[in-house]
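These are the structures in question, set out in turn.
In the two complexes below, subunit A is the common chain; its partner is subunit B in one and subunit C in the other.
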Partner chain A sequence: MLRAYVWLYVAVLFGPLFLIVLFSFHSTPAQYFPMQGLSIIWYEKFFENHVLVESMRRSIIVAVSSTIITTVIGSMAALALARLQGWAKSAFGTITFAPVALPGLFIGISLLTLFSQLGINRSLVTVALAHVLISLPFFIEASRSRLEYFDLSLEEAARDLGASAWDSFRLVTLPIIAPTLIGAAILSFAISFDEVIVTIFASGSETTLPIAVWSMMRQAMTPAINAASVLALSCVMLLIVSFALAGWLHRRRKLDRRKAFNDGAGA
Partner chain B sequence: MAQSMTSRERTGLMLAAPAFLYMICFFVAPTILLFVFSFYRSKAFVPIPDFILDNYWRALTSAGFWRVVGLSLEIGLATALLSVLASFPVAWYIVYRTRNNSLLYLIIASWITSYLVRIYAWRMILGSNGFVNSTLEQLGLIAQPLEFILYNPVAVVIALVHIYLPLTLLMLLSALRDVRTDYLEAARDLGASSLATLVKVTIPMIHRGLVSAFMFTLVLASGDYVAPQVLGGTSSMTVGLLISNQFRQTGNWPFGAAMAFICFAVFTLIYLAVVLLLRALGLAPNRRYH
Partner chain C sequence: MTQAIVQLDRITKSFGAFRALHEINLDVRHGEILTLLGPSGCGKTTLMRIVAGFEQPSTGRILIDGADMVGVPPERRPVNMVFQRYALFPHLDVFDNIAFGLRLKRLPAAEIRTSVRKILELVQMQDLSDRWINQLSGGQAQRVALARALVNRPAVLLLDEPLAALDLKIRQHMVTELKRIHTETGTTFIYVTHDQDEAMMLSDRIVLMNQGRIEQIGSPESMYAAPDSLFAAQFLGDTNLLPARVVSVNGMVARCDIGIGAVDVPAKGLAAGNEVTLSVRPETIVLSADGVAPPGPSFRGKVRDLAFIGNRIVYWVTLENGQTLRCQEARTVAGLRFQAHAPVRASWPVEANVVLEG
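For the complex of A and B:
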């Protein structure tokens, strides 16, 4: 019974997304069954549309740059949480998590007010700054439990054996926490790439892909929107799958090397 | 040892500095600025520094404003209640019945990649040429497309539940993970039924997580302004839409800021009401278990 319910839940979650993907390949603009044939005409329309292609390029630029900033600041913050104690830890944890508890609208209008008061023109830079703000809490939350679990005594052992602070971080800590940080970075990329609510307020005349899709949606229903959505989805999915694959290959190569070493020792 | 502790904490403070400064600059400062703005005057759409309570007064005494707030809260409450109820069994299943996390990763991946896509999907499903109408027409059940299934608050709730299900699932999961099976087994050994275990052991133990899942969804859903715009039609003016219009169209920023802070106060009151309600029902003992 419970099992059946879980499957129903997953079906409801993914069903609508599946329909979007399916009808992005429809040969006519109709979005209902029965389908009349498959084609990639809506993808061709997407790539012919200069506005959409340009906004996709901007989305990638914004997502990459905000992810880099988030990863640097966020990793430091997560490492800080593993070291801080008492009130400093809880205060820092609260302030870095707080933006999540507010609707994006609130963040959007307060950033808009800030930018206008400081006389900062809204551009892709302000969009990237806003994206760092909203992905930072998720980055820290996604990496802190694993980083806190990581025993600091390992790093201290390295220090005792004469490694400098930087060397013990680079040679001991970083290799252990790298997969966690990469995972959290992908999460930040996905958040930036998909963000609508704050971006509407933080962006100027140059828009990102979700904003371009959003203004298309308010005009008409066309499967070109499906195609744009599928392209956006697959960008992030591709990133996640390639990361998972790289991790799997890396583990396999290590196992092989260990096996070869053991065989050599046995001979 | 004490020496090494302080040096570790000093490193911690240094590492915390960039994120802390970022939050001060782009979260704390703008929030304070917005609060200051809510006391400004607006003349010909230009905010003028002042200290007046007119913006608050204007919103608080407007029946229209409260009607919009009421509808937003109904949307938020319905979304939060449905999401928590629908996600709880799944969270339970993932924590106690399966060790496999791939299902969870799949759900998280879908959540962070498809906010707008989900809203669009529901417009596609519920629209006059959508799946529901075309299926009913083909079955000969209706002659004309049903117009009332789209462009109303129910359509907005359906889409918002769909958007926030993964979030509630994640929050319930992390709450349930803290409840070790020993407690549940002990309750059963002492003769409690499954329902009694749920009401007397599980829910009191996870009440904090339960309340935050509920409140998060409520706040995010009531404040959403994209779904009502696409799916709600003219009958679904929400407070998010009302505030965003002040900042995008009509342009009375101080008035919009005041409405945002009134909403903030309303959310806080609801949070207190939910906690008191759970406590009155005996579901939220004022105690920590873990």
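For the complex of A and C:
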């Protein structure tokens, strides 16, 4: 029973994703069964569509730069939050998470006002900054629950073994919290990549992928969009797999070197 | 002459209005195992953290190997610490945990490998150098923590309740292991614990602490046999406390009234009329069947309760004035000599009486 439930859960979670991948290889524009053959025509169509390719490139630029800014600010804030005590902790925690409850519409309008007051022209820079604002609370909230459990005696142990404050952060704290930060960064990337409402207010003449797709869908749905999604998905998966592979290879080489040394010393 | 490796000179430490340590003076000798023993909150951990450099004393001086350490950060002190919950780095394997300190010193790779191998042999973990930390048992993690600290050849090894997280069986085994490692390395150990058994088994000297002050310093044996205070008598081992009044002093011996009769005690420093407390260890009390009068003063009572603990037996004997004595004897082939409610006589030698203030 539990097993059936788990399968159902997985199906609901990954079903739509699977359909997108499947129909991106469909030879006709139809988005329903039965399928009438396979082809890569939609991938060709995607790369021929200048608007889609260009907006995807912009989306990636915006998502990457806003994720980097969010990760730097967010991890410092989360680390500070994990060390605060008492009323300061709850006050700071509430303030950082409160913007989540604010409708995107208000954030968009207030940003629009702010940018015009400051005389800043709207561009991809303002879009990226707006995305930082939106993803920051999620980043902090996603990482702080894990950082709260970070054992501060690990830093003391590093200091005790001869590490300066900076070395103990670099060699102990950062590697241990890295998986948490990477997870939160992926979340920020995803938030930025498909953000629509605030992006409309913050962007100038250059649009991002979701907005390009949105305006295209008002006319006609093209499976080239499926192809675009699959390409984006593959990029992320390729990145994760290559990181895992690099880590595994590094470990293998290290153990081999160690073994060679011990065999040499033992002989 | 052996110069002290650590000298603490009038160390005080306050956290806000709270005085954690009052004017602590202490010399730690080269190569000894010195235990800081006391109940939680007595200041023993704070004192160790001051030696390690994680806390700064409010006033006073610390010298390690003759050098003034006030204001010197932990990474530049010639001491290493074994943390209470080990604080092993979860992102590194056993080898890299132990090599951590050596790498920071930028030693050549071959030298690091040799040192790590030697120290792994010392703690008998040579086959587990590639394990991740979360794959280790508590006892193994303890050994890695010891190795990680000792590989740096510290002038002093600090151990903060290192056995508190282990099962009783492993704990007893690790005590003998610590003794062996201490003998093989010759390193000075400062050991913090609240466990009197660990302290007595391990220590060359015990520093008994209470409420931010040192109560008594001495070898385990001398402190057990001759506690200076009520606190020391009660904290180290079990004891019977008897309120007493000095009736007369006659040379080396003073006669004390303990309510149901009189006992003789060593007279040192006593005068007639003094109100004192006598400490009598359970194992010094001899029980005999009622009717058989042992030599010297003895007191009639009834066995209220008893506990059979394998190699020893504890009897709680209620005397005629209502006072209950805890008496302990080694089990012999005779087995249980008395049952509950049996009438008995309790007696103990003059030297068993330790006189404590009021």
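Remarks
Going forward, the second predicted complex is superposed on the first by the 199 of 267 C-alpha atoms of A that agree within 3 Å, B and C clash if a C-alpha of one lies under 4 Å from a C-alpha of the other, contacts with A are read in each partner's own complex, and residues count from 1 in each chain.
As a working rule, a contact is a pair of C-beta atoms (placed from the backbone, for glycine too) under 8 Å apart; a residue touches a chain by one contact, two chains touch by 3 or more.
On a predicted model such as this, the values are computed, not experimentally measured, just so you know.
With both structures placed on the common chain, the touch criterion links A:D194 to subunit B but leaves subunit C unconnected.
Of the two partner chains, subunit C is the only one that A:P175 touches; subunit B does not reach it.
By the document's definition of touching, both partners, subunit B and subunit C, reach A:E156. Of the two partners subunit B and subunit C, it is B that touches the larger number of subunit A residues.
Looking at the shared chain after the overlay, A:D167 reaches subunit C, while subunit B stays out of its contact range.
In the overlay built on the shared chain, the residue A:L255 is in contact with subunit C alone; subunit B does not reach it. Common to the subunit B and subunit C contact sets on subunit A are residues 156.
Subunit C meets subunit A in the complex at residues 52-54, 73-76, 79-81, 83-85, 87-91, 95, 100-101, 104-105, 110, 113-114, 117, 129-130, 148-149, 152. Residue ranges of subunit A in contact with subunit B, taken from their complex: 2-3, 5-6, 9-10, 12-14, 16-17, 19-20, 23, 30-33, 72-74, 76-77, 79-85, 88, 92, 95-96, 98-114, 117, 129-130, 132-133, 136, 140, 152, 156, 165, 187, 190-191, 193-197, 200-201, 210, 213-214, 217-218, 221, 225-226, 229, 232-233, 236-237, 240. Put simply, subunit B touches subunit A in their complex at residues 4-5, 8-9, 11-16, 18-20, 22-23, 26-31, 33-34, 37, 86-87, 89-90, 92-93, 97, 103, 106-107, 109-110, 112-125, 127, 129-131, 133-135, 162, 165-166, 216, 219-220, 222-226, 229-230, 240, 243-244, 247-248, 253, 256-257, 260, 264.
Those residues of subunit A lying in contact with subunit C across their complex are 151, 153-154, 156-164, 167, 171-172, 175-176, 255, 258, 261-262, 265.
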